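Next, two complexes with chain A in common: one pairs it with chain B, the other with chain C.
Entry: the complex of A and B
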């Protein structure tokens, strides 16, 4: 029925199955929309945020999706700036995942600010002493970069690409993509870092406060580093999920192993820095503020010392060890365990740096403040997941996301597809002979 | 915020924050403008060569 819109040389499921998938995700999305409307109409009293928790589930989700979406900027940097050619086979999917993550982050912020119609205030009446201003600037600009990176993919849809303007625009955008990728890396470095910096400068909250290099606390660098390290794990995890659901291999093993290896070494170096930071904080910074390490981890129902061990040991050291060891990295099962642990690890780090910071008592007469989200908060946090599933379903069906899919899953092409493929090849040849580079 | 806004102050904070923002926006704007202009030229060239006998 819609096969004329599929990429050339691939097979997709029946439209009824596709629509059923969309409907299931759509129901979850609607649930989120109900929560969103309640928050916008009735206000933030729909949440369980209070004087202790000005930042809560939404901000954790925000920080987590931004870290997980870090795969887009880091893979883009490796592909376009460092010229690692193999990554061209996964960069499209990294961009799509990044686009979903960042649009989700902006959506969550639009709910959290309470009055989204005044969102432009942060640009016009900017507080230049706030790290969150820098985050807002970089986040918005980087979302623009991701949109620019996603547009050529849309234009390469089989039917759209027949329109000469769309075809040329996609080609020209690919041609200067390195400029956009470099801008994206610059913006990502600063907003990922500033999100960490927000916690690190809280001198009134010794659990979060860290020493500085110039104006930047150590958390600034750790957040950027962790996003670059763990982001590719999320790209690999979603690629694995897509392969399982579609029942096809979509990316070659050598590409997955290469990205896993890079991610592994990044996690390895990050976790060394994180351990050094934690030791210094526990032995020097916190005692200088009158606290011991166990003050932050005892006499409460949730935040035991286990959370530190899980974050750094189980979800940091273990995935780093697996991914830097060639034999374990080559084994799909152990690699999958490592990338799942990595994804949990970075989410847990963001949870600790947002929620536990709020929970720890800072005054001698104070007690631990626990927080449980309302259903409206949960629904609006799950909303982006449903939105992401829908966008992936549509993009996978109609856009050439995986360049190696045709080669890995050969099918007998229909006569019309053969003619189209020959026309495309002739057009590419003509461009190359005119001195223009072929589309990446 | 622009330098002609009443809130603007010529200090390091405003120059660095807003300078960075305009710098990034300029790169994106110039990049996209280049792509669109080149696309219009390429498309026009294509249609010219198609219309030739």
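Entry: the complex of A and C
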């Protein structure tokens, strides 16, 4: 029924199955929208946050999705700036995942503020000393970059691409994509970093506070590093999930292994830096404020030392070891374990740097603060997941996300597709002969 | 007429914990003075707005050695390690909280705050409160609100202002009378005046004639650290450089004001 919209040379499931998938995600999305409306209409009393837990599930979700979406800027950097050509086969998906992650983060932030209609004050009355100001500026700008990176993909829809303007726009945007990739990497460096700085500058919170290099606490660099390291894990995880659901191989093994290898070495170096940071914090920074390491990990029902061991050891050292070892990296099962652990690891790190910061008592006569989210918080946090599923479903069905899909899943093209493909090739030839470059 | 600028003030407070009985009058006076909203159900104290909050401290020893101490905690009006680098002021993305270098008071601009709550996360004293609900005043109570203090709407952060509206009124009066300087008793916070035990004194920490200066003896070479051996500030080691000083003759109370490693002695409750 909608096959005329599919990319040329690919097969998609029946429309009813597609609509069924959309409906299921749509119901979840609707649930989230109910929570969102309640929060906007009735206020943040719909949450289980309180004056000890001013930052909670939403801020964690923000930090986590932005870290996971880091695959977009880092893969873009590798592809367009470092010129690693194999990654062109996964960059589209990395951009789409990044777009979903960043739009989700902005949506969550819009729910999370007490006076949403005043959100623009952060730009208008900007305090340049605040890490959150830097986050707001860089996040908004980078979302613009991701939109620009996503647009040519939309324009490459089989029918849209027949419109000469759309065709040429997409074509030319591809050629200047290196500029946007570089801009994206620059912006990402700062907003990933400033998200780390949000916790690291809190000199009133010894659990979060870190020493500085110039004006940037160590967490600034660790957050950027970890997003670049673990972001590709998320891209690979979602690619694996898409392949499982679609029942097709969409990206060649060598591409996955290459990205996994880069991710592995990034995690390896990151985790060394993280361990060094933790040791310095535990032995120098915290004691200078009157705290021992175990003050942060005892006398409460959840936050034991296990959380540090899981974050650094199980979800840091282990995936790094697997992904830098060629034999283990080549094995799809161990590779999958590593990327899942990596994704959990970075999410856990963000959880600790938001929720545990709020939980640890600072005054000697105060007590640990515990928190669990309300259903409205859970629903609005799952909302972006449903939205992401919907966007992926639609994008996968109608856009040429995976350049290797046709080659990996050959089908007999229909006569109309053959004619279209021939026309497209002729148009490309004509452009080249007119002195215009061909699409990369 | 020659224009003479008045000297920069550093308004601060000294609370004598040996005198505090924990009666809570300061809390009540503060709420009434500053139109602090309350709810029907205030059982969850982490949702209660208490600009001035009285903590109960104990030395943790069993009877008969058990001792308690009540510690009133307003906003500490931190100065930080350089002027205005308070934990909260430095992080507010919309400049909705500010450090007044003329008075040393950390202000909160309710109409500019958009409710991100970063300042709350930054404050180790939990002196900042979020309006989770719109304020609702029972019966005719709206008629008894203080006209000098604006009530706050849902979705913004609020905190102790050292009754800054009183400073404004006092300065207006002084201006009318052709004075540049306020007398010590002209500007006093509601909690100071209400305390039946006289445990709270308030004034200009920069002025050697003011009682707060004489009692706390702030050392200007060490970010205001008190020279009085019985005086201490909460979480001195964090470098928040607060303007609220506490007095206690009891060692365990003074030590409870900060955190210490075992090698430095018990952090609290000796």
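Brief remarks on what is shown
Note that the second predicted complex is superposed on the first by the 440 of 440 C-alpha atoms of A that agree within 3 Å, B and C clash if a C-alpha of one lies under 4 Å from a C-alpha of the other, contacts with A are read in each partner's own complex, and residues count from 1 in each chain.
We adopt the following convention: contacts are C-beta pairs under 8 Å (C-beta built on N, C-alpha and C of every residue); 3 or more make two chains touch, one makes a residue touch a chain.
Note that the structure is predicted; figures quoted are calculated from it, not measured.
In the superposed model, A:93 lies in contact with neither chain B nor chain C. Of the two partner chains placed around the shared chain by superposition, chain B is the only one that A:179 touches, whereas chain C remains out of contact.
Set against each other, chain B and chain C touch different numbers of residues in chain A, with C touching more. By the touch criterion defined above, A:363 reaches chain C but does not reach chain B. Of the two partner chains, chain B and chain C are each touched by A:129.
Of the two partner chains, chain C is the only one touched by A:205; chain B is not.
Chain A residues 124-126, 129, 133 lie at the interface with chain B in one structure and with chain C in the other.
Residues 44, 46-49, 55, 57, 71, 87, 90-96, 112-118, 120-126, 128-134, 153-157, 234-235, 237-240, 255-262, 264, 267-268 of chain C are the ones touching chain A in the complex. The touching residues of chain A, counted against chain C in their complex, run 43-45, 49-55, 112-116, 118-119, 121-122, 124-127, 129-133, 136, 198, 201-206, 287-292, 295, 357-358, 362-366, 369.
Taken in their complex, chain B has these residues touching chain A: 1, 5, 7, 11, 13-14, 16-18, 20-21, 24-25, 27-28, 31-32, 34-36, 38-40, 42-43, 46-47. Put simply, chain A touches chain B in their complex at residues 123-126, 128-129, 133-134, 137-138, 141, 144-145, 148, 164-165, 168-169, 171-173, 175-176, 179-180, 183, 186-187, 190.
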